[in-house]
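Next come two complexes built around subunit A: one with subunit B, the other with subunit C.
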Partner chain A sequence: MSQLSIRKLSTSIVFLLIGIIFITPLLWMLSTSFKFENQVFEQPFTFVHWGHVNFDNYRTILMDTPFLTWFWNSIFVVCFSVILRLILSVFGGYAFGFLKFKYSGAIFFLFLMTLFVPYQLTLLPQFIVYRYIGLLDTRWALIIPNMIDILSIFMMRQFFLSFPRELISAAYMEGCGVFKSFVKIALPLAKTPLVTLGLLSFFMIWDQYYQPLIFLKSKELFTIPIGLQSFQTQFGKAYAQQMALACLAIVPVLAVFLTLQRHFIESVVSSGIKG
Partner chain B sequence: MLKKLTLITLGCFIVISLLSACGKTSTTNGTAKEGNTQKSEQANAQSNTEKSDEQVTLKILNISEYLDTPEFKSFVERFETKYPNIKIDPISVPHEQYISKRNIMMASGESVDLIWGNGVDQFDAINKGFLMPIEDIAKQVDVDMTKDFGNFKADKDGHYFRFPIQQNNWMLYYNKKVFDDAHVPYPDPKVPMTWDEVADVAQKLTNTEGKTKVYGLFYNNWGMYYYGYGSQLTNGKFYTEDGMSNINAPEFKRSLEWMNDVMNVRKAAMPISEYISNNTDFLSYWNGNFGMAVGAQWYAQLAATKKDKFPRDWKAGIAPMPVPKEMAGKHMNWSSVDSLAVPKNAKHPKEALIFAKEYVSDYTLSTGTLPMYNKVNADKFYQDLANQLKDDDITLDQVKFLFGGDPNTINVEEKPILGAPQEYESTFLDQIVNYYTGKATVDQVLNDTKQKVDKAITEQKDK
Partner chain C sequence: MVKSYSLERRERQMGFLFALPSMVGFLVFILLPMLTVLVLSFSKLDLMSGQFSLEGMKYYNKMLNDEDFWRSVRNTVVYLVIYVPLTLTLGLSMAMILNSKMYLRGVVRTFFIIPYITTYVATLVVWNVFLHPTEGPLNSLLMSIGFSHPPQYMVDSHWALPVLAFIGSWKDVGYHCILFLAALQGVSKDFLEASSIDGANRWQRFKHITFPLISPTTFFLLLITIIGGLQAFYQMALLTKGGPAFSTTTLTYYIYRSAFEFYDFSYASAVGVFLFALTLVFILMNWLTQKKWVFYQ
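Now for the complex of A and B:
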């Protein structure tokens, strides 16, 4: 065996081991979802009790919990939030990164400063504000705070900072205004960072727990993360049922990732090359 | 220049407006003295009662496991039929984040009529000034707080803030198969074992050599499993006379050392590092690899009677909770009271207590728990439970004796609840790992805990 193939083999083994480490929690989740509660932490660990597989966890989730309502709420909130966030971020990023205007640096710095405020600190003021404007216990209480994300504006700003000015100048010369040149030239070229941003935002908002917990009251509006926590009692967790729900909840996340992963990887690679 | 001046003036105006808006609330809260507030709350409550025929909606904040059940839904239907002028608006919160949500709702001034809490939660709410005294309003709904809940005492300054739902009933659960395999006789059904006897038996039951490790004693990583023995010795004295932490008392030290002996010397309980790294859950006891576990009625309610969720090929037994040798022969219990309470900003306190009364009279039994409200007939509860446990050869007599029917039970506090209770428990649990993993001595751990908890109590008093 040549030295090159030994090196390749050892690299593959290392990557395989790393892959196993990353996939183990997912396998544990899947395995637990088919167990009874008192088998969850059994020693020694058994992946599946083939003679005693418990499908009841899935039946309970689908029949005895408002899983579909939670699922729909999560989809609704995430889709609206991501779309609105992308629109506002790309506008903001273009204004701060490409157009620039008087005091834009200072204003952007103020925006960035808000990143240093821990989210938990803002919950109480947000709660009070939403109560006064009547948004508590509505889906908008989850969508509005997700619409504007400073990190997303920052990402888009970084993209537009290195955007070739010649392209927009040419558009101006062709008679386009600021808005038209943005829509016709800048926006199509920003597709890759937007897809990446959309993907990251999707995962982030899908997992959000505190906002629905604090701002929602009606069970009909709960999202998947709150549903997951409802298997937590004061004495402990119903892990097997929780994992069954997690397995079902992960499907859209996987679907979105698998559909868009090409763009995501493209973006990472291209930013790596630029960097 | 003029532009700059205008900007500065505008900025100042916004800041002052914001500050004054915040200050308005705090001034109102700040100037009201405790006593006056309590009187005015009771007066408000009374004036509300005069309009009892009007349609009211009660906001009830409780944990999901009590509100998201079919039993609760049917209870609410029964309640709303019985009291057509009262509608129930339940706010259900998963237990883990219940306190966060409660605190935000209370601090923001959101109106809630009734909140659930265990002993620690409710005393935390009392100390934060969230709750109103209820004894006078209770009288209006025909409840005598001094008599209707057994030996339940006033919470603070002679006032009752909590409407008790249930009290934990602790006992010793054991796995008969593990006892049979080790040829050890079962514990006596009426006479409690001493903690020293428990340690001996646990050691005999332990077998960590085989494919499956069997530990003689199961414990949960909760405070009472370490300091509970000390609570029995001190009659639940977690605080000194001046309201500071008493955790460094010799009785608590003895309690912690007993657990260390079982866990690290006799190796009859899972080492704490293994317990934490395995993410061991309190329901893990029901996987059959443990001989004994001290647990409350919730073990029966959640696992022993739920064989569809916790299938097992072994029989469970129950016996009285172990006691220190000084208390040999006495039936003791760690008492922790779950309760409902009326926040100060409740809009309908009287209706809230009408609901609380129905909750303990009608709903609590259906959760598999005996309410403390002594006007409830408990016979059916005992009989149903005995029927559910008959496969384990557990008799009605045993059920009555251990699940709240023994009037001679000596109750001591399960955990510290008075001063800074949440900080007390979390600090203790943070520190205790150092002792059981050999990183610190028991004296260091107890002194460090006392120091930190005293600081938290002092800060709380200063607020």
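Now for the complex of A and C:
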């Protein structure tokens, strides 16, 4: 008995060490963000200098760089993108999965055929079109293409394919129309897949770098990923400040992840198996 | 009877209306751009003057005779050859760790997933300093334990591409870990116990029971990983800019450079069409070989 638990304890310690090694670069980032520039590559390495912890990197990033503007831009783009994507996907999913109409099966098949098109490809003509209609260098250039996502429509369609017909029929009996029965019955029951989809889309869109890289010129429109890159290019040697900035960029997603961890893992599993 | 007929018609009408935004979005943001890329690859468009002319196979001929194009094809394949097996084996090993008897499982699981959810560009900024060839913490450590000439990572044309593939794996493997773990938890304990009573060792149990039972997940992840690997771009754009000496210019980065550095959209489109074709070839190959090793219950 005790031999067994000693073995379990020792393997646990080894596995914990593997976990720590795995995130070493991020732990190093955290440590360095509280150091002075001349301590970044210090020998021997000290994780924290108790006594003189340096908060100036964070102060500089928050006060002297447009970080808060980038942060706001990211929030703006991500929120609008996610909300619009959810609306489009839930309506589309209900139409393709439950209501159905002439050729809906064939049209949806066409949707799926394009699932593997590299996004770098569709962004080329979008760039040309945006140039002509004057959408280049606006936040909407980032938001609009995010509205449509085939995988999201696919997930909602899968959900509504197995949606119980009786529930909607009962609503029809009580005199609800198609739209009203959707809003009153189907939508509330689709809460779980919608939260799943929202969460996954949030992480994905927060990370987007290619789109702002080609669509944006003005610094005041930058989102966090592209802002980080511009800071790195401009202040290549300010390593401690770069680490503080990276920390601040990670904090929001980490906070969302840690509070919703269980739900997030279930989301990934369900989307992965269905997808 | 009459009522249900009209209701069915109403459902179809509303169905069309409900799907309309997605269909318009699909048309405008996916289908038309795809066709435009195809047309662009056969024609020349001057962005300034708006002049347009058909050029036939000119850009494809240029592509096939372009040494840089073939080097980026080679780099893409090398990236895949490292990234795909590394991510799959790492993901499976990490899932097996989490599936074993242990304390602090939740903590270790969180550690394993954190790179996957953190902002990619932020982690790249960290890797850039972490792998600094002379002063970075990793090489300081290597030198202090006796390696006098540690690898130069992103500065060395032999190391750069493998390092980028490794960083890509490190970033993405949390996803694989989650899905493999779910699959492992679905493997029946009865099978494993029965076979261990029959005298099967760990490796035999893995090979004959676990691996076949999780093969649908492995197949799905293999597809996702290949597609993701073909589209890798962030590391090249942020860490190496395709260098040193072209060693990390993959197809995606070559498309980006052609379009947004040289403003040759036609050539970028031709390479893009090639990338899409390559993706389809890989998917098809997987689909055709899956019968041999994927086991559906």
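Note that in this section the second predicted complex is superposed on the first by the 198 of 275 C-alpha atoms of A that agree within 3 Å, B and C clash if a C-alpha of one lies under 4 Å from a C-alpha of the other, contacts with A are read in each partner's own complex, and residues count from 1 in each chain.
Simple rule for what comes next: contacts are C-beta pairs under 8 Å (C-beta built on N, C-alpha and C of every residue); 3 or more make two chains touch, one makes a residue touch a chain.
Model, not experiment: these values are computed from the prediction.
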Pick one for A:F160: touches subunit B only (first), subunit C only (second), both, or neither. neither
Of subunit B and subunit C, which one touches more residues of subunit A? C
Please indicate which partner A:Q39 is in contact with in the superposed arrangement: first for subunit B, second for subunit C, both, or neither. first
Check whether A:F67 is in contact with subunit B, with subunit C, with both or with neither, and answer first, second, both or neither. neither
One more residue to check, A:F80. First (subunit B), second (subunit C), both or neither? neither
Looking at A:K237, would you say it contacts subunit B, subunit C, both, or neither? Reply first, second, both or neither. first
Which partner does A:F202 reach: the first (subunit B), the second (subunit C), both, or neither? neither
Given the touch rule stated above, what does A:S12 touch, subunit B (first), subunit C (second), both, or neither? second
Is A:T122 in contact with subunit B, with subunit C, with both, or with neither (first, second, both, neither)? second
Taking the contacts subunit A makes with subunit B in one complex and with subunit C in the other, which residues are shared? 40-41, 43, 123-124, 127-128, 131, 209-210, 213-214, 226, 229, 232, 239
Complex interface listing, subunit A residues touching subunit B: 36-44, 56, 123-124, 127-128, 131, 209-210, 213-214, 217, 219, 226, 229-230, 232-239
Interfacial residue positions of subunit C with respect to subunit A in the complex: 7, 10-19, 21-23, 25-26, 29-34, 36-37, 40, 45, 47, 97, 100-104, 107-108, 110-115, 117-123, 125-130, 132, 135-137, 140, 144, 170, 175, 178-179, 182, 217, 220, 227, 230-231, 233-234, 237-238, 252, 255-256, 259-260, 265, 268-269, 272-273, 275-276, 279-280, 283
Subunit A to subunit C touching residues, read off their complex: 8-9, 11-12, 15-16, 18-20, 22-23, 25-26, 28-29, 32, 40-41, 43, 45, 87-89, 91-92, 94-96, 98-102, 104, 107, 110-111, 114, 116-128, 131, 144-145, 147-148, 150, 153, 172, 177-179, 182, 203, 206-207, 209-210, 213-214, 224-226, 228-229, 232, 239, 242-243, 245-247, 249-250, 253-254, 257-258, 261, 264-265, 268-269, 272-273, 275
For subunit B, which residues count as touching subunit A in their complex? 63-65, 68, 89, 91-97, 100-101, 104-105, 107-110, 118, 211-213, 278-284, 286-289, 298, 302-303, 308-312
